[in-house]
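Below you'll find a set of structures to go through.
Each of the next two complexes has subunit A plus one other chain: subunit B in the first, subunit C in the second.
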Partner chain A sequence: MSFEIIASSFQHKDIEQSQLRRTLKCGAIGGGTVVALCVFGLINQFMERWIIENLLSLAHAAFIGITLTVGALIAIRSPKLSPAARIFQGFLVGMVSGVFLSILILIMATFDIRNMFVSLSPKLLMFLSYGFDPYTACAVTIIVGGVLGLIGAAIRESPPWLRKPLITGLATAFFIGLFAELLQLAMQYETVDPIRDYMFTWEGQTLTGAITMFVLGFVLSLFWVMRGKQVMANHRAKSHASQRSIRYFLYAIAIVLFLLFPMAAGSFFGQVLMLVGLYVLMGMGLNLEVGLAGLLDLGFVAFFATGAYTIALFTADNEHLILLIDRPLTWWEALPLAMFASLMMGLAFGIPVLKVRGDYLAVATMGLGEIIRVVVLSDMASPLLGGSQGLLHIPRPWIGDFELNDPIHLFYLTLISSIIAAYFAWALENSRLGRAWMAIREDEDVGQALGINLVNVKLLAYGLGAWFAGLAGAIFAVMLGSIFPHSFQLLISINILALIIVGGIGSLPGVVVGALMLIGTPELLREFGEYRFLAYGFVLIVMMRVKPLGLWPSAVRKRELAAAAEAEAQMRATSGQKA
Partner chain B sequence: MAILEVDNINVYYGNIRALHGITFNVDEGKIITLIGANGAGKTTTLNSISGILAPRQGTVKVFGEDVRQIMPHLLVPKGVIQVPEGRRIFSRLTVDENLSMGAFTQLDKAHNAKNRERVLEMFPRLRERINQIAGTLSGGEQQMLAIGRALMSNPKILLLDEPSMGLAPILVDQVFESIQDINKTGVTILLVEQNAYVALQIAHYGYVLESGQIVLEGDAKTLIDNEDIRKAYLG
Partner chain C sequence: MNLERLKQVTYVDVTLWLMRAIIILLVIAGTIGTVIKDRYTTEQWVSMVMFGLTIGGIYALIALGYTMVYGILRLINFAHGDIFMTGAFTAYFVAAPLAKSGFLDEYLIVGMIIISLVAMTVCSCIALIVERICYRPFRSVRSLAPLICAIGASFFLQHAFRGMYGSSVRAYPDVKFFDTVVSIMGFNFPRIQFVVVIAALAAMYTLYLIVNKTKMGTAMRAVSEDRDAAALMGIDVNKVIIFTFILGGSMAGIGGVLYAFVFKQVYFFMGFFPGIKAFSAAVLGGIGNVPGAMLGGFFLGVVESLGPALFLDGLGIVAPYQLRDLIAFTMLVMVLIFRPQGILGERLARQRA
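Coming up: the complex of A and B.
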């Protein structure tokens, strides 16, 4: 077999050369990533986290995963080679990756460079070299790398009925292990105790649990690969009515599961989902401004703060309380006030930036947002707004005699608010006002020339966008029970903008997807501390390269891309003709 | 009867004077053309009429009303609409969406549908491409769309800024024929052009603009035969 490879490589000398470069490049990607993870200190963190208890840490999993991936990558990128040769390339790539890591091991063993790179600790060296002396460790690393690369390429080359179940099985076991702690938190019921104890200890996933999960993922996926077409065909053969009823039945199950999930999973999940919900609300608001009307806004957090402070001022029983009647207002009574105050704040915010366009708008709105935060912090406003001490003792909302005091209750409150707000956002998008926004986003001057009142339309974008944020702020205030100026940093505005871009600017479902990605996931990975944000930045960059229109792009954006592709194809065709 | 009166306007960009006392009238139902070379002040004149620019001295009246008293976006419901220079269509939207944007001020749906039909009859090429992204239309089609979009607003007077710009001669003829057709349906037209020859062929009356001043005016027929114009514009 190896003779074949060598023979074929002689026949295609030119290809072979670029193949070498390709192999080195893939290896460098893998090796570089691994080394970077070490240098940034992620591996130190990952070492502490078991995927399979006392056997496989997240650090191991990361090495294995990365090497498998580059092995598969080279197999994909070498379509001209025979399958055996591709698998062999996987081996080479894995070894190249191993060489990178070996060099790091040697450097760490020879020099003390901790002054420069804090994370390159003796502990890390121990971990990387498995207690071997450095030279043996290097040899082992390179060989293990090669084998993993080979396996990666082999998985890629195996027939779909094997490949898909394998990947699914591995992924299942991995994610169950990664979220072991959260899953255990969610499984605090006597009925599921045996399952929990079978699968997890407080340290992590058990080996038996991991194997079970792998087999489960494997079998389910295998079933789908083998029988999936059949099942779908059977489904399609049924009458339309029964097809539809099956679909609705599945939707209903999905919705019920989603609704029950936080209740079953406990308050931690409730809290995370609620935060996601708040960002969805704000995302929908900012989407009106940025996505529909094309008005960049980096001061959005000001509206959120307005909602929160209004609630605090009218409901919290402290010296800052504003009495409209002889008692503090309830949350429900103060809610309309909060939304109204945010709306007014939005309008007021819009006036000074009416004539500002494009990039300058981002800077101007950022400035406005900061001004508002600084004013809240100032001595001048502190008799009313409490300065940096904030406003405390904000009571929870009540429904009759029932106090919404659990994060899960507040999650449901957020959910219902989001659904209502989403309906509003959708209705606005399809209204005459929505069309006006679209027109000024595309071309402000022409919009005006067609009879659009720029002043009204822009102010409405700010005002209505702010309205959503006010609602979110009102819920946020009762979630925390007390509010401080430092809860309303610029970072929040940036996050909201990032999430609507990642979701797909101008797209309503995109807001939800973006919030889950950028707000939900980091919350679940809280224990990795500041490293979350490293991943966050990384994900943003990769996302924008791979899916420049966002995860769930709006129709207009999709068309834009299609049109651009078409234009490019046309250009190629014409330049081809000329040549 | 003059439905548009421009009376001795002076327009400045900062300290630079772009228009030096321009005066002219547009009579109802006519095609009036304003011809001039690059930088003569044609666009400046149109923008002063549509309220985008405010003259420092002088007045512009549409239907006897001073445009300074009218907010720019309210000119459209009054029946004045400008087709801006360089066919600024909404290039990411479809042809159909562009047309419906043109009817923004028109709330009567049935009437809009009729209007749309009329536009598509006038420009059959737009009908064929009704769901195409406007940015992918050819230059001529884009100009047709820009004019069609303006017609959706039910104008009484149409301000056209260099509709021939960047078009092949055969397309220029097509577009100008359409302009004549529009005029026949009773829409008054103020046509700003560099291409004096085609403009004067369809216009009733013309003004020649040079460095912000009107240097010559007359019936289109006489202007076409004028020696100076022949030299300067018709080659």
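Coming up: the complex of A and C.
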């Protein structure tokens, strides 16, 4: 009881902080973010990219978006004020954010700190001050910030029928503008030429295009806000069977569109989707280890490397080739070998770390992975594995007389492998073995007491997880045509871990969502390549704090969490009665 | 040993014993091989040991941060290696102008203190931010969340500093005093190595005094023993945790400056490998154990420095120095597998691991 009182008094204090402090805090969040974007050099990159051609760059959009958001944030956080006062608070918060940025402008204008902060270039200063002298620029920044904050708060305070369509419309125009170049790449057909020319130039989205998109998003969303409930009610009124058939019909359309998309959109998209597919494969493998069996593995890339190197050693036409028969094996013949080698690698990995748990396991596996990388890279192993020179000339797979040499072909190969692997993963999850994994994830000692053979079950988790990674590695080898030890860094293990966490630990659809988010999106935004890891770190932290279950949590986890919350509520109720 | 117990031995045990035996055999064979070959002079051996002590001192300073945080929060501060980087990288922008104006050569001690203070401040601030963002929200939760959050923080720090200070390698200034050679008992060493070892020992001694003699240090030890009981005794746990992160950050800051003066270069990724190795050192000494981290650091440094020549060269391996990291990682994995409580045997290793 006493603890709850203490805890609740803390929460109370949190709500009761003064309005001034709250305003300053929100303003500092906004201003700090904006200044950080400048200092980290992201704005320099964003300046180059037009959302609306020659009018609004991504950098402008970032400033506007952040200020609108903090304006809305203060409106949410000050529930006790009247709506008008809340909107005024938005104005204040926007001004505070503006003050942060103007301090940066003044510093940049007064001192030369480029030697230290390489991103704070004169060009950035020009951009931030719109060509005004610094003091005018500061005044303008603060006032514009205030107005934007006001608008943000006003949008937040407006009725839902206006707010939702407005946000949807802005978001539509923004994303269309952001991906303008890619959308044009995908629209290389004569029939859509007029639309393309209306919407885009090669510089970016046209103003008319942006307005059209905004209106489109607005109207559709408005329709949904007005009529959505009725549509859903009609849908629910139908029988279960017809509901299900509608759902399957929609799924089928989505799948067909997805299958045809890379063919229609060109090989760049094929390449991106294929990479996503590889990570989905690896994600499913790691998901068996981390998601189901609870074995945190940071050396996963070693299995991926094993698959790739096996393919290279048995098929590639170079001096490291291992001849099993009188000619190099084809990809299809080497594939089972690669998967088997990875599986063996998984077992070899698993045996030493069987008794290590938790954080220690993460570090031990990371150490093992690094050992393998160091050995492969060294001159000691180079007569066998090529050292840092890598293994070159890996032939593409053939089906009959047809060579799979286009990224799109390889994408379909990846897709088919992923589907097969997903079936296996799904079947494993619902098997006796899967249940044993989940049992030892929750509590090893209890699991063992229930008669689960810890050794076998854990080793199977490592081995089968590695098997998926081996398959991915085999495809990766032919995708690049040559492999180097530098392709198999710890970073990849962390990427895979990040993607299954973002998607939702232990959830199969989550792996796909995570891979699209963390692998697909950064590939599409190539020019910000250096900064993708910055975003990664940020996303990992935010996900853990805001949505620890991931974007598409597994059903079991959701159920468990709901049950836990219910139990807690019940406990609270009873303890309340006692008090 | 009776037959019943022998029957319980599984293939896993056998494999683990084989692993151990193979590694011990390799080490012995390598050492004998090297002794027979006699390729290195005594002078070389001594300078290797001295270099090992130098780098070991730096590892020990970083390891202290890992070990203290683990002792109190039972968490691996995965971002600690990058915290080490932030201090050294930022201090460059103080060290370079100081050296250019000749101040550093003239008033070396004052200059070094200024540089170290900058690095310590930056490291402590970043450590506090990491604590606030990545650890505090999860303090009562026992899951993978804080570890993953810290991995995120590690990435974020690396690439934020890359964006901020640029991706190029910056060269720390040369200091005349450090570049001279001292000779002791007929052996010549670069003076910087002595400076590093002495500075590291001094920093560690100060830390030892803080942990063992001050009120705050007593509170720290109490919290690491039992957090709830300490809170009931009126210790402000929050304050203790913050203090721990500041201490760990300061040690990493000093380590960063020393590292930068030994290797003369800083860049955004420099924290990763020293971080992992320092973690190995902390585990080696028994994580959560302050003297253990110091001992582990020096031990790892010396083994890593001697290892390639002593064990690997004797086995006839080409270019053994490429495999220096291999020795550190192997030691890390072996300790985690066979003796998770470390050399000094820490009480909490069993209940957690």
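The definition used in the following text is that the second predicted complex is superposed on the first by the 529 of 579 C-alpha atoms of A that agree within 3 Å, B and C clash if a C-alpha of one lies under 4 Å from a C-alpha of the other, contacts with A are read in each partner's own complex, and residues count from 1 in each chain.
Rule of thumb we're sticking to: a residue touches a chain if its C-beta (ideal position, glycine included) is under 8 Å from a C-beta of that chain, and two chains touch if they have at least 3 such contacts.
This one's a predicted model, so the numbers in the text were calculated from it and none came from an experiment.
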item	value
Contacts of A:F117 with subunit B and subunit C, given as first, second, both or neither	second
Which of subunit B and subunit C A:N453 touches, first, second, both or neither	first
First (subunit B), second (subunit C), both or neither touched by A:D445	first
Touched partner set for A:I351, first subunit B, second subunit C, both or neither	second
Partner with the higher number of touched subunit A residues, subunit C or subunit B	C
Which of subunit B and subunit C A:P548 touches, first, second, both or neither	second
Partner chain(s) touched by A:Y360 [first = subunit B, second = subunit C, both, neither]	second
Which superposed partner A:R559 touches (first subunit B, second subunit C, both, neither)	first
Subunit B versus subunit C as contact partner of A:R435, first or second or both or neither	first
Shared subunit A contacts, counted only where both subunit B and subunit C touch the same residue	none
Contact footprint of subunit A on subunit C as seen in their complex	10, 12, 15-16, 19, 75-76, 93, 133-134, 137-138, 143-149, 151-160, 162-167, 276, 279-280, 283, 317-319, 322-323, 325-326, 329-330, 332-333, 336-337, 340, 352-353
Footprint of subunit C on subunit A - complex, ascending	36, 39-42, 115-119, 296, 351-360, 362-364, 366-368, 370-371, 374-375, 377-380, 455, 494, 497-498, 501, 530-531, 533-534, 536-541, 544-545, 548
In the complex, subunit A residues that touch subunit B	432, 435-436, 438-439, 442-443, 445-454, 556, 559-560, 562-563, 566-567
Residue ranges of subunit B in contact with subunit A within the complex	50, 52, 71-77, 81-82, 84, 88, 90-94, 100-102, 104-105, 133, 135-136, 149, 153
